[in-house]
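Quick one: the structure is below, and I'll ask about it shortly.
Naming follows writing order (A, B, C and D), and every chain is counted from residue 1.
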Amino acid sequence: MNMLLWNLFDCVLALLALVLGWRVVSSHDLKRAVVLFIAFGLLMSLIWARLAAPDLALAEAAIGAGLTGALLLSALRQQPASSESPVRSLMDVYGSLVLVLVLGGVMAWALFAAPGMVQGSSSNNPIYLQLEQSGVSNPVTAVLLNFRAYDTLLEIAVLFCVAIGVLAFGRERQHVMPAGPLLGVLMRVLVPLLVVMSSYLLWVGAHAPGGAFQAGAVLAAAGILLHLGGMPTLGMPGPLNLRWLLIAGLACFLLVGLATMLNGASFLTYPQAWTSVLILLIETGAVLSIAATLVLAYRGGGAPLDQPQGEGSHEERL
Amino acid sequence: MLSATLIYGLSGLGLFVVGLYGALRPESLLARVLAVNVSSAGVFLMLVALAYRGNDQLPDPLPHALVLTGLVVAISATALALVLERRLREWGDD
Amino acid sequence: MTSLLILPVALPLLMSLLALIWPARVNQIGVATGLLIVLIGSAIVALVAGNGVQSQVLGGWQAGLGIALYADGLTAVMLLMSALIGLAASTFACRYFAGKPTLVQFWPLWLLLQAAISALLLSADLFNLYVALELLGLSAVALTALGSGRAALKAAVDYLLLGLVGSLVFLAAVVLIYARYGTLDMLLLGAMLQAEPITWVALALFTTSLMLKCALFPLHFWLPAVHANAPAPVSAALSALVVKVVFYLLLRLWVDLFAPVITPALASVLGVLGAAAILWGSFCAIRAERLKLLAAYSTIAQLGYLFLFFSLLVVMPEGAQRQLLYGALLLFALTHGFAKSALFLAAGEVQQRLGHDRIAELGGFARALPTTLFATALAGIALIGLPPSGSFLAKWQLMAQALSLGHWYVVLVVALGSLLACIYLFRLLGCAFSPGLDKAPPVVERRAQLSPVMMALIATIVLGLGSHPLWQLLADVGGGGV
Amino acid sequence: MIESIGWGLVFVGIGFIAAGSVGLVRLPDLYCRLHALTKADNLGLGCICSGLALLFGQWIIAIKLLLIWLLVLLTSAAVAHFIARHVLDKERRK
């Protein structure tokens, strides 16, 4: 009975995700598609929680639904009112439809029908077996910052690349909405709360769901809120300091990695006694860079270098 | 195989395919970026469904970490696409 | 000493950070990094030649838990080639971007691109390859968009979307492999893969994704716009390195990883596509109106040759003959890399000095820019495959092996392709040597850039005459599949 | 006893949220819909949170649930206000 209920719940969630995804893709109205996409992100977050992936649930809610949604909505604001729909031939539509359906069918057959698909027991999973040596007790953080830290290094490099891209091609947007009194109240309550929560997520990531990415996304939300509330200089430091924030994550990562090589070990082999501290150091740098990059992307670009510098920033105060 | 793995795996596969279809259509850039995001969510769902080991066992954390990496890569790519699109549109207006 | 392996990735990453926070010294930072990477690349070649295949799991974990780096003879040589071309393009870029506002953004992105190329060459982990591919794609897109005009931006946006789709398909294949075999480490996987449906589907997805990213006919449609509109040093890297690194990845997958699954029929499909690419690319190059567009179409054609090699290599039995063909493939890839970077850099010089690169109006080019023309002609020799260039030896081997296997169509296609290459390059040189219009093009008095000439010389002379050590290196430490 | 009260509160909360969702679909204009959505959902969430607090019976969890409820209260009120004001502005301009 219990099992049946779970299956029913699973089917409802999975179908809902599929239908929402289809509506996002097939919607002709971009505004509707973006709003549906945000809802889709929240649904995915629910699914991650169901599938015993709380780290992902947090990250999806903050990054997937929250910040991607914010980026898309702000991009939408400048979309021309009526975008002409290009004329497509039936051949185009059905050609690619048939193609992807065949692809899906073949993949489903290979994954689920033909012999295959091995799900090992987690009791002999090397990640759990070696968790004690990793310096943290949250297995996802252990993979991200110790076992497969090199992946994360390259990922932070991807983020850095996009930050330079935004600096190169974007111009800072002036916000149009006048900040009402309520927004001020909301800001005064939420911004400190978000900053505290971000530090908490960063700290707790070592032994419970959380970590640098979630923390960075939450901090970025604080910066975006300040921007919306008409205080862009408070949310973001001046262009010079901004550069330091953008490089913080990758710099910490690389310097730690190269420093560990000094005593002959391979790249990113932390000395046993220092593991937790080094991981926290790298994560702190990553939080600053992630937050700065995402706020920068939301604002649509950096202020030109000659502009007077803003005073303090939350990122700096952290 | 667990039924949850099957259900969510198929759903993820469906999302991957649907997103791919959307990304290959000659629509506006923003619509195609949305489709790519849906598609990558589908691939992530396949991975996480694979990692699930039932309610009484710990899941495989490796796919979770991979998906977390993937999520950050996805938002990075989206951010770059949006800033280029805006620049392109401004250029068209001039 | 295996710790050396991470440096071609870590060093440019570190320097790209430095380039962002110290804009006043970007040129020096960039060129110094280029030099250092050449030194590291040479050290890795020496290491591999002396001590055999190198591999190392980062973080000190066992294979499968950590991410492994892997370098055999092929990797080391490709690494050195990318370092040399990177250095040449870097020195070229110093003058190309002088006085332009994009200079400050160019260098960090450029260093990221170099890091991504090294990361792809060295990685032995499927998911790590995905992240590296994304870094490669996004930095290449941003660099393309630095080109002037709306066309560059439009090309960059299309490139970005196609790249994202390609990466997604790659990731889907990684998921299939992980679902079945439970590991992402390519060295471990090599021993585990079996011929069964899930492996075939994964191979098909990998191949499609990488074909899209390295522009194999019929998925080549995005390439001309991107390579023709990017800034010249970027075009050189895109054409000479980026597509080639993707090809290297495909080679790794087919020859090392999926070898037990490959059948002759599968290989011949790629061969036929390669042949089509040669003919179609050359045909378009003949009709191209701009020098950079000609070079871009020529890249499509030259990639076709690589796939011809590939189709024969995959089906040949182990032995000395296969070894020869493998060496020829590498020689061809190297020659094309150097020659094509020379051609694109020369085209950039032409564009800057004459103000355009329309082939029909290049009259007077020979008088105005003799050094650049020399580089163009040398690059042309290597692209056609005339002796003493490396591609002459490579094509000779390809035809000989094809004959011994009875693949007549390969010989025919190679001969026809070389003839077409002669036509498009002689048309170019013909226009360049023509006296030109009444008013001679304005020639700014300054020293010609030397890096195109250096690259072209390596392609024609050094690789042609010094190809023996290359074969030797491959024979000793070719890697798993050979 | 406490357990059944807890479950009762949870189900009452679900009822409120369901009613709010029906209102979202059925009510005629945006202001009514906002009203239905925020008011019913806040009440429903409050019921569910207090029900869950009773079911768990731990102070620390109860405090966390209370915090969640207060945060949602704050943001949903603010968001409803912004949406309504935006629409009002637009209508006035017409």
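One rule holds in what follows: a residue touches a chain if its C-beta (ideal position, glycine included) is under 8 Å from a C-beta of that chain, and two chains touch if they have at least 3 such contacts.
As the structure is a computational prediction, the values presented were derived from the model and not from experiment.
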Chain pair showing more contacts of the two, A-C and B-C: A-C
Euclidean distance of C-alpha centroids - chain A vs chain C, Å: 32
Approximate Å spacing (C-alpha centroids) for the pair chain A, chain D: 27
Per the C-alpha means, the centres of chain A and chain B lie apart by a whole-Å value of 12
Residues in chain C with touches to at least two other chains are numbered 127, 131, 134, 138, 141-142, 145, 172, 179
Hey, what residues on chain B touch two or more of the other chains? 16, 19-20, 24, 33, 46, 50, 66, 69, 73, 76-77, 80, 84-85, 87
For chain D, what residues touch not just one other chain but two or more? none
Checked against the stated definition, the touching pairs are A-B, A-C, A-D, B-C
What part of chain C is in contact with chain B in the complex they form? 127, 131, 134, 138, 141-142, 145, 150, 153-154, 156-157, 160-161, 164-165, 168-169, 171-172, 175, 178-179
Residue ranges of chain A touching chain C (in the complex, touch as defined): 106-107, 109-111, 114-118, 120, 126-127, 130, 146-151, 153-155, 157-158, 160-162, 164-165, 167-169, 243-244, 246-247, 250-251, 254, 257-258, 261, 264-270
How about chain A: which of its residues touch chain D in the complex? 177, 180, 182-183, 185-186, 189-190, 193
The residues of chain A that touch chain B in their complex are 6-7, 10-11, 13-15, 17-18, 21-22, 24-26, 30, 33-34, 37, 40-41, 44, 47-48, 50-53, 55-56, 59-60, 63-64, 67-68, 71-72, 75-76, 78-80, 83, 85-86, 88, 92-93, 96-97, 100-101, 103-104, 107-108, 111-112, 117, 119-123, 125, 127-128, 139-140, 142-144, 148, 151-152, 155, 158-159, 161-162, 165-166, 169-170, 211, 213, 290, 293-294, 297, 300-301
Residues of chain B that touch chain C when the two form their complex: 16, 19-20, 23-24, 29, 32-33, 36, 39-40, 43, 46-47, 50, 63, 66, 69-70, 73, 76-77, 80-81, 84-85, 87-88, 91-92
